[in-house]
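Each structure below is given as structure tokens.
Next come two complexes, and both contain chain A; in the first it sits with chain B, in the second with chain C.
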Partner chain A sequence: MTTALNTLFITLEGARLNKEGERVVVTLHDEKKAEVPLRHLRSVVCLARAWMTPELLESCVEAGIHVSFFGMTGRFLVRVEGLPGGNVLLRRAQFRVADDGARTLEIARAVVVGKLGNARQFLMHARRDAVEERKPVLEEAVRRLSGHLRALERAEDLEQVRGLEGIAARDYFEVFPSLLKGEARRFTFDGRNRRPPRDPLNALLSFGYALLAQECAGALAGVGLDPAVGFLHEDRPGRLSLALDLMEELRAPVVDRLVFSLVNRGQLKPEDFKTEAAGGVLLRDEARKAFLVAYQGAKQVEVQHVFLGQQTSWGLVPHLQALLLARVLRGELDGYPPFAVR
Partner chain B sequence: MKKVTVLVCYDVQVTDADGPRRLRRIARACKDHGVRVQYSVFECVLEPKDWVVLRARLLTELDDSCDSLRFYFLSEDVAKKTEHHGARVPLDVEGPLIV
Partner chain C sequence: MEPRETWVALSALQHLLFCERQAALIHVERLWVEDVNTAQGRLLHERVDLPGHDARPGRRVERAVRLGCQRLRLTGRADLVEYHPDGTSPTGWRPFPVEVKRARRKSEEADRVQLCAQALCLEEMHGVDVPEGALFHGAEHRRQAVRFDARLRTLTEDAVARMHELLARCQVPAVPRAPKCEKCSLESMCLPQVTAGQRRASDHLRRMVEPVEF
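Then we have the complex of A and B:
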């Protein structure tokens, strides 16, 4: 079974990463900043311009540690990994299913059911804690999501599934301002926007989704699937479509929940962001660090996996879901069971 | 597999010609597998298979006529039951790793 290995985040501009023994050593201007045994790592994520020796890269690839680089804005740049692992028969099965309209529809539908179900659950939790005057708005959004979930069952082709997903996403994001409490009401949110995100909440969402997508890609590669060949998301060069599929059900319970708990508890404030000349909004360094600490903490939180009937941590959920998806593609399981929050 | 948490402590006699070399090699083996908490003390949280490797590596380097090595097997929640005072706060490899 996959164990919960850690992620090393590099946020120091100009950091150098090299290998000493079986360890990663991070230095900045000849000062040693950290030293971590490779065996504790599942991935290395560079969020600043960092420099890595070929020796370390080689060891990472051999040990199955995924290395990814993000631009300063949190935009994903590149990901390094060795030859695809796992079984060629599994990958062939994945491609065959991706070319089979009926089976693709079933998986895409399951993914969106997972997404809407968890989004609905997230809003229901929020409604419980909301002040009286906000309850009707959230109530209405929950009702709409339920309607979209019912419509999904009747969807006859992929276009309808994608269409419903789009409408549901709009209904969902529309109530985001109602989730802000107290001081956090200073944040504004006028719908989801990205590339670049134009307000602090969108910047946090984009950053969180980018991190989660990388973890999903790693989990998929770990079971031998091709992260680029998706079902709900169309193939596009450079896009990790299957990773995005896998991420759908985790967006609300992992990223959205984290973002709102950080702003509502006052751990992140509007002052923690800066606006670039072009209008894009970025997290300041300290805020980015605070987000990463909270994100890593969220991965340790225990959660019940209803389908597998076992206790696990959020960090392992992408890996478990990747395993389940592999079983579906092999024909060992007749439908993909998305991760459902209780 | 359940991980094992081991506290590795050693004394290496550095007065003989080979001493510094043994000390270096033992420290290196520990650094590859765990976190240094004091000069000759390491906390190692390991898969059982990795623990076997580390243990073998340490025993190979040890000169049992003059050095000593102690392994303390700790409970999982050792972090909660530990206090640290003073300098050199060790890295928590299970916690957020952000540099």
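Then we have the complex of A and C:
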């Protein structure tokens, strides 16, 4: 079992990363800031403009450590990879399935079942902890999601699947204000918005989804799949459609849950955000750090993988799902089994 | 005519003798997990430092030697090859491969096969017999002589042939779960329970859409 789940996040503008022995050393203006053994790392994510020596880059690529660079807002810039992982025959199989309408429909349907099923579980857990007067609202949302899940089983084409996903997303985000507790009610939420996000909760969601999407892309590339050739999401230049497919089932249990636990526990407050002139909302530096620490911590949490019948950690879930998807594409599994939250 | 393009890596033989599925995951699917054990193994290989070995007169030591055997389409690298002076050799010296292993051995047999495969390469490359080599166990700092007898050579050539078959088929064979799986660095990527056909995604999906009760 791999223990290398850690992500080294670099948030220091102008930081320099180099290799000393088998360790990554982070310095800023010649002052040593951090030192991590390479074998403890699964990925390096630079959220600030940082330098990396060729020696370190080479070692990362050889050890299968994903290296990616993001802009300050979480906008993805670049990921460094060695030779494509996996097997060219697997990628060919992926393209063939993507061109096969019936098989694409089945995978897209499974992806949306995963998304709605886990969103429903998230609301069920929230309902359990909610005060009495909020329970009916959450129950109604759960019932609607159940209805959409049933309708999904009968969906006959991709457009119906995508349509149901859209309606379900609206029903789901509509109850988000009911998930805020105590002081956190100062946050407001009027539906999902992005590019740029226009309130703090949307800013947190966007940042979290950007990180998760890159992890999914890395996991897919790691098993040799092409992260850009998706099923639910159609191909579009510059879009990692398969990574977005894989991410759907993990949005609620990984990102949404983390966001609400941070704001409800008072670890993030409305003051931790700033609004730009045109209305876009950004996390302040300290808030970004707090989010990253919590995100990293969440990846270490153990969960039960229902389909595989084994314990794992959240951090490994994208990799296990990518492996399962690879088996589906090769015809070794009868369908795609999304990760199911208990 | 172009030579055939499939080559077996020397390291694959060890994987194959440990587990055919592991060998196929690494060499066909090209999956790899760097964990504590593989990192330590890599470190050990990078810093091969054998006590008292460069000292003997006339003996040459070469590290990270690239090897290949055209006959078996086998290729890779030896950690260390010693060249001993030997009057009975047509070249005046005789190669002596040394393979470095961590203390916790997965399989002694697999180590001997990998070493023998290096010998087969050296025999073809230098045109001399290579009757003997040694395994060096890192943590124990102990060297163990290995004779390349007819039995070990057959075992090694059979392993090469089986690996060629796996590469040609491009498929990952299913194997039952075994106690040795605990020692395998690829355990988390192998998912033997899926391959064994014990789990159906359709049942799983059906359970995910079942109504919930408050």
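The working rule: the second predicted complex is superposed on the first by the 338 of 342 C-alpha atoms of A that agree within 3 Å, B and C clash if a C-alpha of one lies under 4 Å from a C-alpha of the other, contacts with A are read in each partner's own complex, and residues count from 1 in each chain.
Convention: a residue touches a chain if its C-beta (ideal position, glycine included) is under 8 Å from a C-beta of that chain, and two chains touch if they have at least 3 such contacts.
Source: prediction; values computed, not measured.
Colleague: Quick one: classify A:Cys60 as touching chain B (first), chain C (second), both or neither.
Modeller: neither
Colleague: Have a look at where A:Val223 lands relative to chain B and chain C in the superposition and call it first, second, both or neither.
Modeller: A:Val223 contacts chain C only, not chain B.
Colleague: Which partner chains sit in contact with A:Gln296 here, chain B, chain C, both or neither? Use first/second/both/neither.
Modeller: first
Colleague: Tell me which of chain B and chain C touches more residues of chain A.
Modeller: Partner with more touched residues of chain A: C.
Colleague: With both complexes overlaid on chain A, does A:Leu308 touch chain B (first), chain C (second), both or neither?
Modeller: second
Colleague: Looking at the overlay, what does A:Arg23 touch: chain B (first), chain C (second), both, or neither?
Modeller: first
Colleague: Quick one: is A:Leu212 in contact with chain B, with chain C, with both, or with neither? Answer first, second, both or neither.
Modeller: Neither partner.
Colleague: For A:Arg39, is the partner it touches chain B (first), chain C (second), both, or none of the two (neither)?
Modeller: Both partners, chain B and chain C.
Colleague: For A:Phe9, using the defined touch cut-off, is the partner it touches chain B, chain C, both, or neither? Pick first, second, both or neither.
Modeller: Once the two structures are laid over each other on A, A:Phe9 reaches chain B alone.
Colleague: Chain A residues touched by both chain B and chain C?
Modeller: 1, 3, 22, 39
Colleague: Which bits of chain B are touching chain A when the two form their complex?
Modeller: Against chain A, chain B makes touches at 1, 3, 28, 31-35, 45-47, 50, 91, 93-99.
Colleague: Quick one: in the complex, what on chain A touches chain B?
Modeller: Chain A residues touching chain B: 1, 3, 6-12, 15, 20-23, 26, 33-37, 39-41, 289, 292-293, 296-297, 300.
Colleague: Please give the residue numbers of chain A that touch chain C in the complex, ascending.
Modeller: Against chain C, chain A makes touches at 1-4, 22, 38-39, 63-65, 85-87, 89-90, 110, 113-114, 117, 120, 124, 127, 135, 139, 142, 146, 149-150, 152-153, 222-224, 306-310, 312, 316, 319-320, 323-324, 327-328, 332-338, 340.
Colleague: Per the contact definition, I'd like the list of chain C residues that touch chain A in the complex.
Modeller: So the residues of chain C in touch with chain A come to 28-36, 39, 43, 170, 185, 187-189, 191, 193-195, 199-202, 204-205, 207-209, 211-212, 214.
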